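Two complexes are shown next, each including subunit A; its partner changes from subunit B in the first to subunit C in the second.
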Partner chain A sequence: MSQWMTLFNKEVLEMWRNFKWIWVPITFILLGVSEPLTSYYLPQIIKSVGGLPEGAIFEMPKPTAGAVLASGLSQYSTFGVLVIVLGTMGIIAGERKNGVAAMILVKPVSYFSYVTSKWAGSLLLVWISLFIGYISTWYYTGQLFDWVPIGEFFQSFALYGLWLTVILTVTVFFSAALLSPGLAGFISLALALIVSILSGALSHLLEWSPSQLTSYAGALLTGGKLPSDTMPASLTALLLIVLFLWFSVFLFKKKELAA
Partner chain B sequence: MSLIQIKGLKKSFQGNQVIKGLDFKLEKGKCIALLGPNGAGKTTTLRMLSGLMKPTEGSISFSEAKKDGDIRHLIGYLPQFPVFYDWMSGFEFLQYVGKLAGLTSKEAKERSLKLLELVGIIDAKNRRIGKYSGGMRQRLGIAQAIINRPQLVILDEPVSALDPFGRREVLELLERLKKETTILFSTHILNDAEEVCDEIIFLHNGEIVESGTMDDLRERHQQAKIDLIFHRKTEGMERTFRTHSLTKSILVDGNRISVFVTNVESARKEFLKLIYEKEWQLDKFEVSSMTLEDVFMKVVGK
Partner chain C sequence: MELLEGLNWGLIAPLFIIQLILLIVSFVDLSRIEKTNGPKLLWVFIIIFVTIIGPILYFVIGRRND
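Right, the complex of A and B next:
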């Protein structure tokens, strides 16, 4: 356990030294907060850039607070995913490629700890960044529109966190399985995209798909109720996380460290 | 007592056999050099010993390995091009590695300071490794390899990348380490091996072409040769040595006469007596000692 903590502390310290603890939360704040701000100020923005043509009647319905928050949240399933994948794809592949993994793993370090400590470090970063970004969005939505109940905030936060964790774990898996960080990132992104599109298109067949967690969170914020498929989708997500993590360790163990 | 036994070790990459069956033993407390030209398979061999690569065939058995075959607590390894976390300081890296190797925080701290002192980079302990010079990185590499007092220290070309001063210092460091642990290091610089090692293994094209202690090798490859340098050489000298009963052949080069003899011991006595009797003015008398370079050329050349 103390060895695991040593590895984990190193991950946290490294993210501090390369400023991930600064730029990832800031990115998440910007992504989320821009939504209530632009929705609220849109009439003024349109006016200030020249307005609508004479005679055009354009009634802009004021969106509900839930809808604004939901669309702020949806930023995280696109740009947020991109940030996570780009930030994590080199986590193991990079260390293996430059050789430092060989320096560390000739010490009596458990492969399981090596992989899981890296995963846990990124997990912490993702959840904290998501929380900071999302609660800022919630706050601005409350100030500019209406206050969304804090219970709904936490539920939708947890669902999104779970989906982002799936993405993170898949990226860690490809980072452990492949030698090239770029390739690991590309495959993870492509996979996330395909799963999201498929699950969206075939939502009546794939209601248990973890990528649907994002639409269920949206449904909660706009409709005030969680769809009944949230449970199976969450369970699939958890199962995938465990499986991919386990495969990461398994594959990594089998690889020769010196390329 | 032998620490490791290597039997029939083979390694292929995509069907291309790089290591063609090595058998050797490493004795405890010895310093062994793995010598060979570039591409002989030295790095591959060391990587297999350190567990970073799996042999295609054959076995590596450590006498003190754990039940599951894990040997990592027994060895310290320095790759040819050591890589560190450049954002850490040297001191931080050593403590990190020390803790990973099972030391407590306090032990790791003390041991790290001691090693930084030993390898001579204590002044740079708080500097980021990214700013270290090549020589400092190599020293830090040696320090991290011995942090957990391993029974076997494996060093891949520890001095090849260093300038003459750095080389000298690292060799002196190895000399000191030798007293505490078993060292196996690879090099293509013959002098380095000759200087610090007790035993030598010559690798060529993935095979051991020669091995043994320095004395063994000398004995085996010693050419019975006596070099004589005279103050002034005369025709008579050349003739005398050429026709001497112990002489096989001679080489003359200016004032130097090199005599290949059938028996060094008797030639030494006879020649000295002869020179004394004839009152030739001798500047230098040398029974040639075989250098590793000679052995190397001989075994690799064929």
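Right, the complex of A and C next:
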């Protein structure tokens, strides 16, 4: 356990060194907060850009606070996913390429600790960044529109966190399974995209798909009620996380022993 | 200028500050790092001239993480 903690601390320290602890949360804040700001100032933005004929009346229904927060949150399932995948694709593949992995693994470090400590470090970063970004979005929405109940905030936060964890684990898996960080990132992104589109299109068949967690979080914020399919979808997400993590340790061990 | 008066500066100002932090941090990182993807000078310009997105782009794709 103490060995695992050492590796984990190394991971956290490294993320300080390359400023991940600063830029990822800031990116998440800017991504989320831009949503309530632009929807609030949209009439002024349109006015300043111009192009409307004199005397044109442009009435826009004011969106509800829940809808604004939901669209702020949805930024994390697009740009947030992009940031996470591009930021973690090199996590194992990169270290193996430049030889750091070999340097660590000649010591009596188990493959399990090596992979899971890396995964846990990124997990911490993702959840903290998501929390900071999302709570600022919540605060800005509250200031400009209405306050969304904090209970709904935490529920939707947990659902999004779960989905982003699935993405993260898949990226770690491909990073361990493939030698190239670029390929790992590409495949993870493509997979996330395909799963999202498929489960969006076939939502009546794939209610349990983990990517549906994002639409359930949106439904909670706009409708105020959590769809009943949230439970199976969360369970699938948890199962996938465990499976992919296990497979990444397994594959990494196999590859590393073969190399 | 009329437009600027309508803004809630208490909400906008923090964003300027964190954007500034992002800018500074990306410069510190750029000066420390040995090699970037693409010429370093290019990244200097991207960070300065592409507001908000520039520094993020640098961290996401400009840094060599292998």
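Quick note on the criterion: the second predicted complex is superposed on the first by the 250 of 259 C-alpha atoms of A that agree within 3 Å, B and C clash if a C-alpha of one lies under 4 Å from a C-alpha of the other, contacts with A are read in each partner's own complex, and residues count from 1 in each chain.
Criterion: a contact is a pair of C-beta atoms (placed from the backbone, for glycine too) under 8 Å apart; a residue touches a chain by one contact, two chains touch by 3 or more.
Treat the numbers as computed from the prediction; the structure is a model and nothing was measured.
Chemist: Once subunit A from each complex is brought into register, does subunit C clash with subunit B or fit beside it?
Modeler: Once both complexes are aligned on subunit A, subunit B and subunit C fit side by side.
Chemist: More residues of subunit A are touched by which partner: subunit B or subunit C?
Modeler: Between subunit B and subunit C, C touches the greater number of residues in subunit A.
Chemist: State whether A:G151 touches subunit B only (first), subunit C only (second), both chains, or neither.
Modeler: Neither partner.
Chemist: Taking the superposition as given, does A:N18 touch the first partner, subunit B, the second, subunit C, both, or neither?
Modeler: In the superposition, A:N18 contacts both subunit B and subunit C.
Chemist: Output check: A:N98 vs subunit B and subunit C. Expected answer is one of first, second, both, neither. What do you get?
Modeler: Touch status of A:N98: both partners.
Chemist: Should A:I26 be classified as contacting the first partner (subunit B), the second (subunit C), both, or neither?
Modeler: The second partner, subunit C, only.
Chemist: Name the contact category of A:Y140: first (subunit B only), second (subunit C only), both, or neither.
Modeler: second
Chemist: Thinking of the overlay built on chain A, is A:E256 touched by subunit B (first), by subunit C (second), by both, or by neither?
Modeler: Only subunit B; A:E256 stays clear of subunit C.
Chemist: On the A-aligned overlay, A:P61 touches which partner chain: subunit B = first, subunit C = second, or both, or neither?
Modeler: neither
Chemist: Which of the two partners, first being subunit B and second being subunit C, lies in contact with A:L37: first, second, both, or neither?
Modeler: second
Chemist: Report, please, how wide the angle is at the C-alpha centre of subunit A between subunit B and subunit C, in steps of 10 degrees.
Modeler: 80
Chemist: So if I take every C-alpha atom in subunit B and every one in subunit C after superposing, what is the smallest distance between them in Å?
Modeler: 9
Chemist: Which parts of subunit A are touched by subunit B and by subunit C alike?
Modeler: The overlap between the subunit B and subunit C interfaces on subunit A comprises residues 18, 98.
Chemist: Would you tell me which residues of subunit C are touching subunit A in their complex?
Modeler: Of all residues in subunit C, those touching subunit A are 3, 6-8, 11-12, 15, 18-19, 21-22, 25-26, 28-29, 52, 55-56, 59-61, 63, 65-66.
Chemist: Going by the contact rule set out above, which residues of subunit A touch subunit B in the complex?
Modeler: Where subunit A meets subunit B, its residues are 2-3, 6-7, 10, 14, 17-18, 98-100, 102-109, 256-258.
Chemist: Touching subunit A in the complex: which residues of subunit B?
Modeler: 47, 50-54, 70, 72-73, 75-77, 79, 81-85, 87, 96-97, 99-102, 144, 148
Chemist: Any idea which subunit A residues touch subunit C in the complex?
Modeler: 18-20, 22-23, 26-27, 29-30, 33, 37, 41, 44, 47-48, 82-83, 86-87, 90, 93-94, 97-98, 140, 143-144, 181
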